[in-house]
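Have a look at these structures, which come just after this line.
One chain, chain A, appears in both complexes that follow, with chain B as partner in the first and chain C in the second.
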Partner chain A sequence: MSQRLEFRPEADDAVNDEGEALRFMRPHFGEEKFPWVQIWGYVGSLVLTFAALILVVDHVLPPLALLSVILTLAVGQAALQLGVFMHIRESRGLAWQMIFLGMVLLMGVGMVGMSIWIMTFKSGVS
Partner chain B sequence: MPSFVLYLVRTLFPHDVLRPTELGADVMIVATGVIIVYVLTKQKKWLYLWREWLTTVDHKKIGIMYLIAALAMLFRGGVDALMLRTNLALPNTPVIDALEYNQVFTTHGTIMIFFMAMPFIFALFNVAVPLMIGARDVAFPRLNAMSFWLFAFGALLLNIAFVIGGSPDAGWTAYPPYTGLAFNSGPGENYFFLSLLIAGIGTTMTGINFLVTVLRMRAPGMTLMKMPMFIWSALTTSALIIFAFPPLTVAMAMSLFDRLFGSSFFTLAHGGLAMMYVNLFWLFGHPEVYIVVLPVFGIFSEVVATFSQKALFGYTVMVISIVSIMVLAYGTWVHHFFTMGAGPGVNAFFGLSTMLIAIPTGVKIFNWIFTMWGGRIQMTVAMLYQMAFIPTFVIGGATGILLATVPADYQLHNTYFLIAHFHNVLIGGTLFGLLSGMYYWWPKMFGHKLNERQGKWAFWLFFWGFWITFGPQYLLGLKGMTRRIYTYPAGFGWHTLNVISTVGAFVMGAAFVVLVYSVVYSLQHGEKDLTGDPWNGRTLEWAIPSPAPEYNFARIPVVHERDAWWDMKQKGQTLASMRPEDMRTLELPRNTPIPFLLGFAFFVVGFGMTFEWWYIVALGALGVVATLIYSGFDYDEHKHIAATEVLEIEAGLGRVQG
Partner chain C sequence: MNLPVEEPKLNPHVPTEFSDEKESVKITGFWMFLVTDVLIFASLFSSYAVFKNQVAQGPTANQLFTLGPVILETVLLLTSSFTIGLAIYAMRKQNKAALMTWLILTLLLGAGFVTAEVHDFVTFVSAGATWHKSAFLSGFYILVGTHGAHVTFGIIWALTILIQVARRGLTAVTTRKLFTFSLYWHFLDIVWIFIFTFVYLNGKIV
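The block that comes next holds the complex of A and B.
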């Protein structure tokens, strides 16, 4: 019969069904008493969002400058979300993640860039 | 007080929902509801329903609930289709008027895509993915249940629209200005946007869940290149969902803002840019068609290998092609609106990128054929759907290439040629694949096979019904018949073809009736699956009993080869010869009412917002926040099944030595 009735996957000596140690699988969660980073990240993301909103609603800048500034703000927002909420600094195998992040970047730039390209048409039906 | 009641009655039951069809539906809904309540009470099943189903986090049960929902929605969407077709066969005496026709085609499209195809796919993901990769559940079981209930309550919100308040009527694409408040003031479009927003949250979470499940939960030894093709399709589909749904959410939310809060993102006045909605919608919409077809490619890859008794031909190339389809799927969305006039440069780019997708898809078609080549083919129902899929999908793909040719598209855009094309790929591809998957995994879900003879009847009716319906529609498109018209003048030469098409639609209706009869019949008389491996399968789900025990695998298997279970059988190994001392205490997710309550709270928000009753919205929002906070601090989310109990269950199944 089983020797270990207690099942503790988080313990240092945890093993899988095959008896292999699971310690290497544990992610490196940054543990803090109070999630200040997340709170400031949340505030920061709100600031970035409202900055973009106000810039657009109040027509503060000429169109091209406005577009550049809100795109910059969007990139900052994405970086903040990844860094603060997506635990990107706490994972194992960052090299693998860079491949996927590169892919994400390509897709994101493709979608936004091509949307801008598509929507620049000025004529009627061509 | 009476004026308040009058207001309520007028708002909830306007003229729209008091037509004979809606009143008939009301009677049926109430009658069915009464019967269900009566049976549940009589059989004392309420507690069972709550404990075993409504609060479950078991992926197999969630899969079954998705399947039931999808079949119910297939019925609703199918009845809508029959109403549309009946009208078009009788152009001189329309059965339903223009407004109702708009509502019915909107509901038909929305339901078939979002509330039939998507849940059907998630049903098969839930049932098969964890079992195929040798896992005990998905990565986030509670999130999985939340996904289901958000989908279910989102679907409910859309489905009550036609009897309470009025249906949406701007098409499943919901283009502005049709959806703008200036032209469409009823609650219908609010229902549409809110139901899709709520169900969309669930779908996004499902995408995240299955991406993580596939990447992190595979059995030891199952490297990426040893995964079954269905798992590859789950992985790529999840990646598509994660990228495709945000644009949809944004487009729906902005449209809703235009309607509820007086913004003008897509309005014609105040500098709104209606074309931007079209761009955002198809930024989602094109990946969406691959979301509904990639899983089917995965299903067919499993079905064709199993019933040809032969390993899948060209596995590596299959992986490369499915991944390239995933990437290319993001670069083609403009082909849905070439006629917007974005210019020759844009149109040429997207026309070419669309044609490019035909290459990896063609590679897959050839590989399925080569898998059958020299194999010992068994003509089961699942395999019949596969055999029908290949020619049907090839024709659908070829007409797609015609539509991708920009000059031709200017002629064919929005005609019945387009309608025939996308039904060709959605029925011939998605629906045939889903039914194939249902027949294939049914024994694993319920422990018995579906009746093959009745299944073949349903198959042939579906197949011929499909071609009789949509073959003529290609011709109608070439004759200039446009979509979304409820009647047409005599003398255009459209009538005969429309009558033939309608006959085909009713043949498909008959196929659905046979299918449902077969399901009910097989519950009683279906051939029991005692081995757990009724098809002589190749992948790990067939290594365990049918239906799978709650914990799936008493011991997680070790994988050495692709087609792990086939490999084990070749070596004379089995998972059913464990010794008592092999048993371990297993950790499983604990049932929780939180997902159900969260879905309900979202439903309250959605319903309140549809009618702009802000107190109800606040109440629902409070419920959402409360459920999430409670869930965040609920650390008691696991339960354990003692080794002795596992031993007892496994011994009961005859899977223990000595």
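The block that comes next holds the complex of A and C.
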């Protein structure tokens, strides 16, 4: 059974053809005897969620700082989901999804950030 | 069309869902779909961010939201994300019975989430907070409703996969479908975390 999950890059031409520059996209497969990674991922996601909740309910920080902290916790949780559960580094050839995700992070942050910024001009939104 | 059919290139060194060349390409394609879905949610988050203080005669976020049901929904969705993770773990071990159990549990948790959310919406609407009331409520219902519609569609999709796995077993095709479904489900969990943080918790920061 463990034979199945063993990945040998030399067995796949798609990986060998690429140079050292694309090394970070080489696929990597996790293999475990017991799903500890999933369990710790679940515990971590609950801890992050309730940390954000407690911070907000107790109003421990001024509003803008509080929002920044809970958004940082949410980003941490997204990274946790991608890393633990979504097998982001797994692929048959190179893990191209890492490039797509990097692009969309840039576009999404730009879209939301720029919308908020532009609407602060001459409007009631602040 | 009389094109020669290409021999499937099987790679025995990767998990089943990646073993067939054509099926594994669909996983990469599914990542591209998720990327476009991120853009849909990014535009809905933008409109919500811009409108969240435009409450007109309606309630403000702080007046409208109660955190109790939202915490329940969050825990249900986080737990379902965990159970689908275990389903994929069981799939990799070729354990069909465990896989189907975790998948069914995931669907039940997802259905619980949708039920709680619909109940929440009905409560808001019966209090007069409909989506015509203010720009804030329009943005809120569109953003949270789009996510809820995704979860609802995911439940129907997973039911079809469940039937296919029961009838055909763990083939290169069914495992690929299960893997893409798990990506979809975890993605919805990430979107919910941002809704929880930016809509509900942020609404309680005054």
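In this section, the second predicted complex is superposed on the first by the 75 of 126 C-alpha atoms of A that agree within 3 Å, B and C clash if a C-alpha of one lies under 4 Å from a C-alpha of the other, contacts with A are read in each partner's own complex, and residues count from 1 in each chain.
Note that contacts are C-beta pairs under 8 Å (C-beta built on N, C-alpha and C of every residue); 3 or more make two chains touch, one makes a residue touch a chain.
Predicted, not measured: the structure shown is a model, and the values here were computed from it.
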Original post:
Given the touch rule stated above, what does A:A74 touch, chain B (first), chain C (second), both, or neither?
Top reply: second
Original post:
Who does A:E20 touch here: chain B (first), chain C (second), both, or neither?
Top reply: first
Original post:
Does chain B (first) or chain C (second) touch A:G41, or do both, or does neither?
Top reply: second
Original post:
Can A:W117 be said to touch chain B (first), chain C (second), both, or neither?
Top reply: first
Original post:
Looking at the overlay, does A:L66 come into contact with chain B only (first), chain C only (second), both, or neither?
Top reply: second
**OP:** Quick one: classify A:M107 as touching chain B (first), chain C (second), both or neither.
**Re:** both
Original post:
Per the overlay, which chain contacts more chain A residues, chain B or chain C?
Top reply: C
Subject >> Intersection of chain A interface sets (partners chain B, chain C) >> reply: 1, 4-7, 107, 111, 115, 119, 124-126
Original post:
Which of the residues in chain A come into contact with chain C in the complex?
Top reply: 1, 4-8, 11-12, 27, 29, 32, 35, 38-39, 41-42, 45-46, 49, 52-53, 56-57, 59, 63, 66-67, 70-71, 73-74, 77-78, 81-82, 84-87, 90-92, 96-97, 100-101, 103-104, 107-108, 111-112, 115-116, 119, 124-126
Original post:
Okay, in this complex, where on chain C does chain A touch?
Top reply: 11-16, 18, 21, 24-25, 27-28, 31-32, 35, 38-39, 41-43, 45-47, 49-51, 53-54, 67, 71, 74-75, 78-79, 81-82, 84-86, 88-89, 92-94, 179, 182-183, 186-187, 189-190, 193-194, 196-198, 201-202, 204-206
Original post:
Within the complex, which stretch of chain A touches chain B?
Top reply: 1-2, 4-7, 9, 16-18, 20, 107, 110-111, 114-115, 117-119, 121, 123-126
Subject >> chain B residues within the chain A interface of the complex >> reply: 220, 243, 247, 273, 275-276, 279-280, 283, 330-331, 334, 339-344, 346, 555-556, 558, 580-581, 583-587, 640, 642-644
